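Alright, structures below, take your time with them.
The same chain A turns up in both complexes below, where it pairs with chain B and then with chain C.
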Partner chain A sequence: MIRTKRARRALTLLVCYGVIAGFVVFFLFPPYWMAITSFKTNQEIESLEGIPLIIQHGATLRHYRDLFAKTDFLLYFMNSVLVTVPVVFFSMVISVLAAYALSRLGFAGAGVIGTGVFLVYLVPDSLLFIPLFKIIGALGLLNSKWSLVLVYPTLIVPFCTWLLIGYFASIPKELDEAALVDGAGHLQMLVLIFLPVAVPGLIAATIFAFTVSWSGFLYPLAFIFSSGEQVLTTGTVTSLIKGDVYHWGGLMAGALLASLPPVLLYVFLMDYYISGLTAGSTKG
Partner chain B sequence: MRLGPNGTVLDAAAPARALPARARWRRRLRSRAAIGLLMCLPLVALIGGLVAYPFFYSIYLSMLNKRETAFIGLDNFRFLMTRDVFWQVVQTSFVFTGLAVFWKAVLGFTLALVIHTVPTGGQRIWRGLSLIPWVMPLALSSLGWWWIYEPTHSALNWLLVLIGISPKPWLSDPYWAKVAVILVNVWYGTPFFMITYLAGLKSIPAELFESSAIDGASGLQRLRHITLPMLKSIIAITMLFSTIVTLATFDIVRVLTRGGPRQSTHMFGTYAFELGIASGDVPLGAAVSLFMFPILAVSAFFILRGIRRSTV
Partner chain C sequence: MTKLTLRNVSRTFGSVVAVDDFSLALAQGEFVALLGPSGCGKTTTLRMIAGLLDPSAGTIEMDGEVISSPGSSLPPEKRGMSMIFQSYAIWPNMTVAENVAFGLQVRRVSRAETRTKVEQILDVVQMRHLRDRYPAELSGGQQQRVALARAIVVQPAVLLLDEPLSNLDANLREEMRYEIRRLHDEFHITTVYVTHDQAEAMVTSDRIAVMNQGRVEQVDEPRALYARPRTRFVAGFIGRTNFLDGEVRDGEVAFDRFAIGLEQFAEAPALSGRVSFSLRPQSIRLLRQRPPASSGSSAIPGHVVQRAYLGEHWDYVVRPADSGLQLRVTARPHEVFEVGETVWLEVDPRQMAHIQ
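Now for the complex of A and B:
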């Protein structure tokens, strides 16, 4: 009896690992294929001989060297950084202030704003890019990367506020009562008591803000046309593709390098990332 | 120390010359509200100026003629309804969303279930690896898929031939192009389903399974009578949420097919971009975008209701 139970458990595990392996291959094949292509010589990419899944004729860094020497990749990278830093900073300031007020100051209208924030979180970028295109134009920001600093927070702040409300709400009320007795103002209390306690939430929110800003594609595609103002996503997709002959090696090198910052952030801060991602579903 | 409503501290030792208690209360409350509103002001300004205003502006825009010189009421919407391309877009959007959400839910649930079954020590690494598609910028991973789908030099057709299936014209045939864009969306979105379902599975008390095991319930019975009912609201909310995000798909289609071949893979977002930005008919583009709104609104309503119910 025990033996059959053990055998059944072993069989179950075998099936489970088989299914997991299948999924992991499916999930990781595209980045693997991108990486392997980026290290192949052009002759090998174009060759129809042999097995394409491995490098057979020696790896090369040429595509990466060309990326930096012959294309505007570094410029796009800088533009992405210049957009993302202020976007993350402003989004976090706005979200922290709002989340504190909504979770602690129980004023009239807080409920309405809270529900509103949640609904805005559900608004996708492809619903509003056309009126925003007109508004950005009226503000004279068309074809400027700074237009993104203005619009990206709309995609970030609602989720971050919602996430932080959850973190702030879990801080015991006794803490702020004690601080208020000591005569602390609300801003002081927020900075000295709430922020240190809510660090995991702040990290999760910052990762989210960074990832959204770094990955944004539709807004820069709609608002920016000249090469000098492009960010990494649109720069890689639109400017690295030249002519009818696609330089797959260079293209994959660019796409992979551009994807690296959010992936690295994720690898090092995985637990915060996942806690942010599941905050909504586990609370239910 | 006495506590007022909302956790306000009423200092019992206040000097006698201070305002009478009720006035003091009112002032505290009023200042609380003032501070609260002040702190929400940046958020309200952002949402008001760059979400709410653009939304209403978009409705106004959609009622103008192409040069935006005259008000033409609902003519743009009427015009769209007479166009075959538009109905093609509607059909693709619904088919894409329906199939993609279904497969993401099925695959995400399967993966969550198997990860939940293996020993806890190894779960972290599988969960971690599975989330990579969700973390990569979608426009850039779509570029990778674009190369995968290349018919002669790339991997997918080579693999198909290897296992004895004829190569497919992935992005140049209307049918296979649809399959291709849906597959990328499933690749990208399955990890999100997995992670929320896995969190849900972890929240089910272990005692439920233990007692059912004693009662002799099989794995399938447990799945049907314990796991699925317990996760009902998480499953539904995740699918509704994904419906919104999937319907709004832009990056994948724009990078892989630009809506082609023969407009067969256009969705609301990419078609609106084509008309409004690429061809310069801003009002018509705005009208196409707005067709998404009713579906978004209905989904949002049910999500909100679902979350309220599961938290109360």
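Now for the complex of A and C:
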């Protein structure tokens, strides 16, 4: 009887690991492909012989060198940073205050507004960019990276507000009330008690805001023309795809470097996210 | 000198009347319990005192100043009160010491003084050795003590407790009952204690306000509440009792198949027509022989219908005089009677409380 149990358990584990292995391959294959392509020589990339899955003819740093020397990669990187930092900051401030008001300060119409906020998010950005183009033009911000600072929050704030409304609602009201009765003003209570307890939700919203802003492609494509104002996503593409010539080595190197900041951010924030989840709340 | 006065306070939620015309005056340092079943309005009343809710009618005054009224109320952070919630509401992102220090920090107390006061109060609740733990690492009883320490360290004008012991096991509940009373006696804080557990209320309070469906049924000291309940609800809610309904006729009160002389009752002049009494099971004595006639007691024959032995006492159900009544009697462990045995019930009519 023990042998069959052990055998069954071993089989279950095997199947589980098999499925996990499948997922790992599926999700890690693109980054792997990006990485090896960025280190391959141009001849190897274009050759139709050999095994494409490994580097067979020696690795090279040429594509990385060319990326920094022959393109404006660093400029695009800086532009992305200059756009993303204010966008995340403003979006989070607006979303947190809106979510707090809509979920905690029960005023007439709060429920309707909350639902309305979420419905706004459902409008796709591929539709929105047309009217936004007119607005950005009227503001004189066409072809400027600052137009993105105005436009990205329209995508980020609805979703983050909705996410935070849900998260804030899960925090027991008694924690706020205990702080108020203890003598704290509303702002003190918000900063010292409420937001620290809400950290996992805040981190989730920040990660979303960062990802949308860092990886946005459609809006920079629509609103920015000259290469000096381009961000990473559009900049790498326009400078490394000339007509029908794709400089794969450079493209892959650029893509890999561009994906580093989000990865670093997630790794940095995950610790706080998990410790926030296990801190727990009130008993009973 | 009344510390806290509630005048005709009412609160409605839509069409539901949660609190109806509640009036109460608390003296400085008094410990009053709001006792009643779930949904009787006691927590709503407490939240109005705290300022978390406005009354729909009536006013709440502290030290002579109106702090709550239907139009305007002093916000909770300005009342100088402390509240302990049923779920303790300990902030999970702070250690025990930080939780307790919060109120002091908000009041801009110096860091040195804060530290001293926090250490002192943690000593009082025996939590000093856990000062750097986080709430998730504490048991229910320990969290309870942190809530107590946090509430008391700021020396509040009024201390409010909302069923603080409901989530604890029976032994801990008993221990904490005495702890709360001890802390009250040590610091002389005016306290309002909401509970549905009558034993808790009896042990801790100076006075108890019994509530039912938003209204106050009776406000009295625990002993008076038990011995002289004024309504059927209070008699039945506090301890167990027997209800006897009778009619005043020809100088005596006639019950079902037996009667007791009117002059033997405590409130004889006030009794007329149909009357009801509450008689506690411990106020009836069972005897094998008819007791000699005396002015302070009445003897009624009957027989035992049921019995249960609980170790500390016997629970007997006795039918007096072949009537339809069944009276519950508590007897001491050595007073053994058999089912069906004929007994004499000795009752002191002065212990029968006249109820409306």
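Miscellaneous remarks
Basically, the second predicted complex is superposed on the first by the 248 of 284 C-alpha atoms of A that agree within 3 Å, B and C clash if a C-alpha of one lies under 4 Å from a C-alpha of the other, contacts with A are read in each partner's own complex, and residues count from 1 in each chain.
The criterion applied here is as follows: a contact is a pair of C-beta atoms (placed from the backbone, for glycine too) under 8 Å apart; a residue touches a chain by one contact, two chains touch by 3 or more.
As the structure is a computational prediction, the values presented were derived from the model and not from experiment.
Shared-chain residue A:Pro172: touches chain C; no touch with chain B. Of the two partner chains, neither chain B nor chain C is touched by A:Leu82. More chain A residues lie in contact with B than with the other chain of the pair chain B and chain C. By the touch criterion defined above, A:Ile193 reaches chain C but does not reach chain B.
In the superposition on chain A, contact of A:Ile203 is made with neither chain B nor chain C.
Of the two partner chains, chain B is the only one that A:Phe26 touches; chain C does not reach it. Look at A:Tyr100: by the touch rule set out above, it reaches chain B but stays clear of chain C. Contacts of A:Ala184 after superposition: chain C is touched, whereas chain B is not reached. Of the two partner chains, chain B is the only one touched by A:Val157; chain C is not.
Overlap of the chain B and chain C interfaces on chain A: residues 177, 180-181, 278, 280-284.
Of all the residues in chain A, the ones that touch chain C in their complex are 172, 174-175, 177-185, 188, 192-193, 196-197, 199, 278-284.
Within the complex formed with chain A, the residues of chain B that make contact are 1, 3, 6-9, 11, 32-33, 35-40, 42-44, 46-47, 50-51, 53-55, 57-58, 61, 107, 110-111, 114-115, 117-118, 126-133, 135-141, 143-145, 147-148, 150, 152-155, 158, 187, 190-192, 195-196, 199-200, 202-203, 219, 233-234, 237-238, 241, 244-245, 247-251, 254-255, 268-269, 272-273, 276-277, 282, 285-286, 289-290, 292-293, 296, 299-300, 303-304, 307, 310-311.
Residue ranges of chain A in contact with chain B, taken from their complex: 12-13, 15-17, 19-20, 23-24, 26-31, 33-34, 37, 45-46, 48, 52-53, 93-95, 97-98, 100-102, 104-110, 113, 115-120, 122-135, 150-151, 153-154, 157-158, 161, 173, 176-177, 180-181, 186, 211, 214-215, 217-218, 221-222, 232-234, 236-237, 246, 248, 251-252, 255-256, 258-259, 262-263, 266-267, 270, 273-274, 277-278, 280-284. On the chain C side of its complex with chain A, the touching residues are 50-52, 75-83, 85-93, 102-103, 106-107, 134-136, 140, 143, 150, 154, 160, 166-167.
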